[in-house]
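Letters A, B, C and D mark the chains in the order given here, with residues in each chain numbered from 1 onward.
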Amino acid sequence: MIIQLQNKINLSQREKINEAIKAINYKAAEVKTQYANYLVCIGKNDFDIRSIGSLEGVKDVHRVSESYKLVSRKWKVNHSVVDLGDGVTIGNNGLTIMAGPCSIENETQVRKIVAHLKENSIRIMRGGVFKPRSSPYAFRGLGIEGLKMFSAICRENGIKIITEVMQVSQIAEMHDYVDVFQVGARNSQNFNLLDALGEVDKPVLIKRGMSGTIDELLQSAEYIFSNGNEKLILCERGIRTFENAYRNTFDINAIQVLKDKTHLPVIADPSHGVGIRDYVSKIAMAGAVAGADGVIYEVHEIPEEAASDGQQTLNFEESKLLCQKLRMLEEVRV
Amino acid sequence: MIIQLQNKINLSQREKINEAIKAINYKAAEVKTQYANYLVCIGKNDFDIRSIGSLEGVKDVHRVSESYKLVSRKWKVNHSVVDLGDGVTIGNNGLTIMAGPCSIENETQVRKIVAHLKENSIRIMRGGVFKPRSSPYAFRGLGIEGLKMFSAICRENGIKIITEVMQVSQIAEMHDYVDVFQVGARNSQNFNLLDALGEVDKPVLIKRGMSGTIDELLQSAEYIFSNGNEKLILCERGIRTFENAYRNTFDINAIQVLKDKTHLPVIADPSHGVGIRDYVSKIAMAGAVAGADGVIYEVHEIPEEAASDGQQTLNFEESKLLCQKLRMLEEVRV
Amino acid sequence: MIIQLQNKINLSQREKINEAIKAINYKAAEVKTQYANYLVCIGKNDFDIRSIGSLEGVKDVHRVSESYKLVSRKWKVNHSVVDLGDGVTIGNNGLTIMAGPCSIENETQVRKIVAHLKENSIRIMRGGVFKPRSSPYAFRGLGIEGLKMFSAICRENGIKIITEVMQVSQIAEMHDYVDVFQVGARNSQNFNLLDALGEVDKPVLIKRGMSGTIDELLQSAEYIFSNGNEKLILCERGIRTFENAYRNTFDINAIQVLKDKTHLPVIADPSHGVGIRDYVSKIAMAGAVAGADGVIYEVHEIPEEAASDGQQTLNFEESKLLCQKLRMLEEVRV
Amino acid sequence: MIIQLQNKINLSQREKINEAIKAINYKAAEVKTQYANYLVCIGKNDFDIRSIGSLEGVKDVHRVSESYKLVSRKWKVNHSVVDLGDGVTIGNNGLTIMAGPCSIENETQVRKIVAHLKENSIRIMRGGVFKPRSSPYAFRGLGIEGLKMFSAICRENGIKIITEVMQVSQIAEMHDYVDVFQVGARNSQNFNLLDALGEVDKPVLIKRGMSGTIDELLQSAEYIFSNGNEKLILCERGIRTFENAYRNTFDINAIQVLKDKTHLPVIADPSHGVGIRDYVSKIAMAGAVAGADGVIYEVHEIPEEAASDGQQTLNFEESKLLCQKLRMLEEVRV
């Protein structure tokens, strides 16, 4: 059960609510976010929910039987919109496009891609500066100095930034240079990182784990929300299966399942979802007609020379064509 | 290596070709189909392919290193079209829609669905009379009498029939009442059935196995082709993964991978691909923009009362809307 | 619900039982096997099972809620023993060893392997004459003539034969030369084949499908049992996963799960379960301590020259050592 | 290529080695561990390895083509032994048993389990104080104070401790109270954590990821080793598959594959590997005969009342019996 409290609740009202929760043998966790105060109540007894709903100080109350609570659509039926400012939103019925290189490499690269994004009216740029790599000997990204450069160029050009955070100690140093923190597939159940991102007032995009279930993704989102941050975006990026003809199996089914189970926006990542450049655009389009709130893909002036993931990265021409098709589909899917 | 022979080849030309194959230590399997005569040659030595190509009686020759040969696009670059007659084709750049119930139940049911198909300009009806069921105690279909009734109504109305064949002994009795034989997921590697269907001059649609790889699907198609039947259609219908939020994981990636690897048409089955009625239309649309040559889905007047698979079956209104959307997408994807 | 009938039941007793089943709105399927007559009753209503159990002509009655019925341990708590005659049994608390080549190749090969089996007190020989192969161009086995030769040599030497049957039409011709029919992984849900094997009075070993669930394996066994054949053996042979370091993932967990869910004997196939010769013996031993009723593995005088599956086949020395270790473990596991 | 340097190498020798590496266009990463100094050299050119081996200051040199290097058996053929002091070792041909509760709960619980371990000659106790939980509302462990209590009781009794570390900031505070740091499945690719554990001179046990490949596990170990810590132990704990009859699929094949690919010791975790109490002992025994260097399992005085994972936890009697059987098997497997 979730109880949303009135903003102007007084102490005695609050105590009566606590007593009512105790009376039915539930345990309450208090959650304060940017937007509201909630009590997430866990228990097993049956009771009349109206007895809680009628208490003073209670704004709203709902039963949520899922293991995830605050991110469930049983709690909030309307879809949430994440607002990055300057008119850039995610989850507002439209299709938000995010694009950029796998890794930030240097100033020239960033400037060229920023120019490409502006020409195609893309408002959000992706690009990694802390790179999780299977091998310790691979390129691990430019680090915080790379992020500062990346951020300066983007702000100059009205472009928002999404980039991956890998550990708790990076959050503070990255904070001022980032518009959306990204949690990668390998950190999808790094619970300490999720806890810490819950204490930040910046949007967080969480990728589904390598072979994470849909329920696990929602519980990971619940970690962040229950620590105080409602600005959440989910991302389907393919799962691991027995098929070896491509990198991952993009789970097209997951888009609608997620839209049904949660009020959070859902983004499709076709670059990791298939991992083969020739197929990325088709998977992006499939994600769009399946109902995704946006698409995030990898683009580079010369994919063959990218510092990482070149085999799944579009060039500018392919990217331009994809944007045109995605916008045509946006009209069809309404 | 595949060698296509001239139609009017004479014995001495043929012998010289055999000698040339022996000379390089290859073994040749002779394949006669509706359209042509081929020699599929298997071996390991390196040789100058022009020495074969220049022989009299050879129409065409190509190396094909894959384990599947005649179905490979390395052999035939242009996509194959399967023609059902009366202007009904599959693989002709357009999007072919096939729809119908999971099981044929009775005459009234068939007539109602046929009327629905005609209203929506759908020319091919699916419907099972031999049903593979996990449990021996479940409904196994109306059998051959049901097929005769189904066929009579469809022919009356200019509708083509696709239906599943489960074993070799059914082929002859079904032959005259069927336009496309369907091989189900569980029989995807029933090699005796595939062999026998290679000897029939009717199109065959092969579904990917429960957890069959893309290469295995192509090798199953090779079984039929190498027995003499070129009229083949492949069908992606979802694979088994760890995710339990739906029935199967529709492998959207497979559509383009297949279109690249083979010249055969590729059909999407969203009903089995996700298994939940509310999501079927979105998956069908995704399959279409991903490049499928067609879509096959389950429809019933009252899905809740269907003899089988009701939970993944559209009603007439949902089906009508889906057809409209699929046709809009057909224009976008050109 | 399963009802076992008395052998000497009369018509009026039988009718009263039918009426009692109808009265609770259940449907009964009659099953006659080598050993007994059963009524498998399917329905949803709640009722007092004693009202059935007290009827004349009823020998035993139990509720079985699983989708498989007659193979469930809810029906029969004691483990079944399959008796091949001449003192060769499977499921009798001991560890039955079966070994032999992937494919029967020629008389010399069979004689050498038979001699090896006798030296190591192995009483059952495996060996395929009908080989399911992914590619139509691969070796498909010696066929029925090979089986006759194989059978003659084995009978001469007191060795029992297990070999794969691939289609219904082979059952009759194979019948007299076979001691155990094997259903391969790819035919695990070939329901027509299962139906037909239910009508034969010979033991059948069913392999788990490529990615078949444990429940599906049990339902496949139910197909055979419900057609009249109780002499069933189940075989775990590895499942398909994302891991590519070996051929299949041997599901060691499945052994005990199966022993709990069914009364049928369970055999481990380490050759297919891992697919790498060096590891086969260790997996066989693991299967034995995990509680398998037997082990089936591939052995050949010169694995490197085997017609198929040589990479997972033991030579005679390795096989001898494995037998010794398996017999040591047999004592430990008691 | 890996170069092990002489301990007493001088600067000019070192420079000549660097030049030789540059000359063949390789990049060298310097690795200093508790035991030795290495240069891990990455490049693509072909060269005569003897030209490196003959340089002064080079103790040993080998090519290692795998993506993991220092943990490969191509580098070090002899199996590594991890020594915890006081005669407790892992990887020394014997079978090391580790057991304990999922979560440390209180002093009484720890004392009772310690007594049980001593009675059964088990020298290492597992027990979590920082618990990764899918849901943010679940019990997350007693934390550092729990560890101090746990440690005090164990030291008093000559028992070594293995416990999970979840984030970098916990390493320092845990350091003095831990004998083996455990990295859980969900953190198997938490590369920052792995980096940091490479700088500690304490053994680390790394669990395979939920659906991590064997190669990924080895690369995770390479992270720690390449940061300076050679004291590594790998743990197979089951992978995620389509089968739902149990928690995870224990990958029995992985034991031998790992023993072949790496010189590090390999431990089996049957509790997570199957997740069902009744089957844990059989899976432990299977792991032992398959060649594991040890077994880690969950035990509790009253599993039904355990704070977490009770459904896969043995009671004292079951644990005692398992120890006896494991020791019997230890003799068989030699």
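Heads up, the rule we're going with is that a contact is a pair of C-beta atoms (placed from the backbone, for glycine too) under 8 Å apart; a residue touches a chain by one contact, two chains touch by 3 or more.
Please read all numbers here as calculations on a predicted model, not as lab measurements.
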Least step count from chain B to chain C, where 1 means the two chains touch: 1
Comparison of A-D and A-C by number of C-beta pairs in contact, larger one: A-D
Taking each chain's C-alpha mean as its centre, the one farthest from chain B: D
Interchain centroid distance [CA atoms averaged], chain A/chain B, Å: 39
Cα-centroid distance, chain A relative to chain D, in whole angstrom: 33
Intercentroid distance (Cα basis), chain C paired with chain A, Å: 49
Where chain A touches two or more other chains, by residue: 211, 240-242, 244
Residues of chain A touching chain D in the complex: 29, 40, 42, 67-69, 132-137, 166-169, 186-187, 189-193, 195, 209-212, 216, 219, 222-223, 226-227, 240
Complex contacts: residues of chain B adjacent to chain D: 211, 240-242, 244
Touch list for chain A against partner chain B, complex: 211, 213-215, 239, 241-246, 249-257, 260, 273-274, 278-279, 282-283, 285-291, 325, 328-329, 332-333
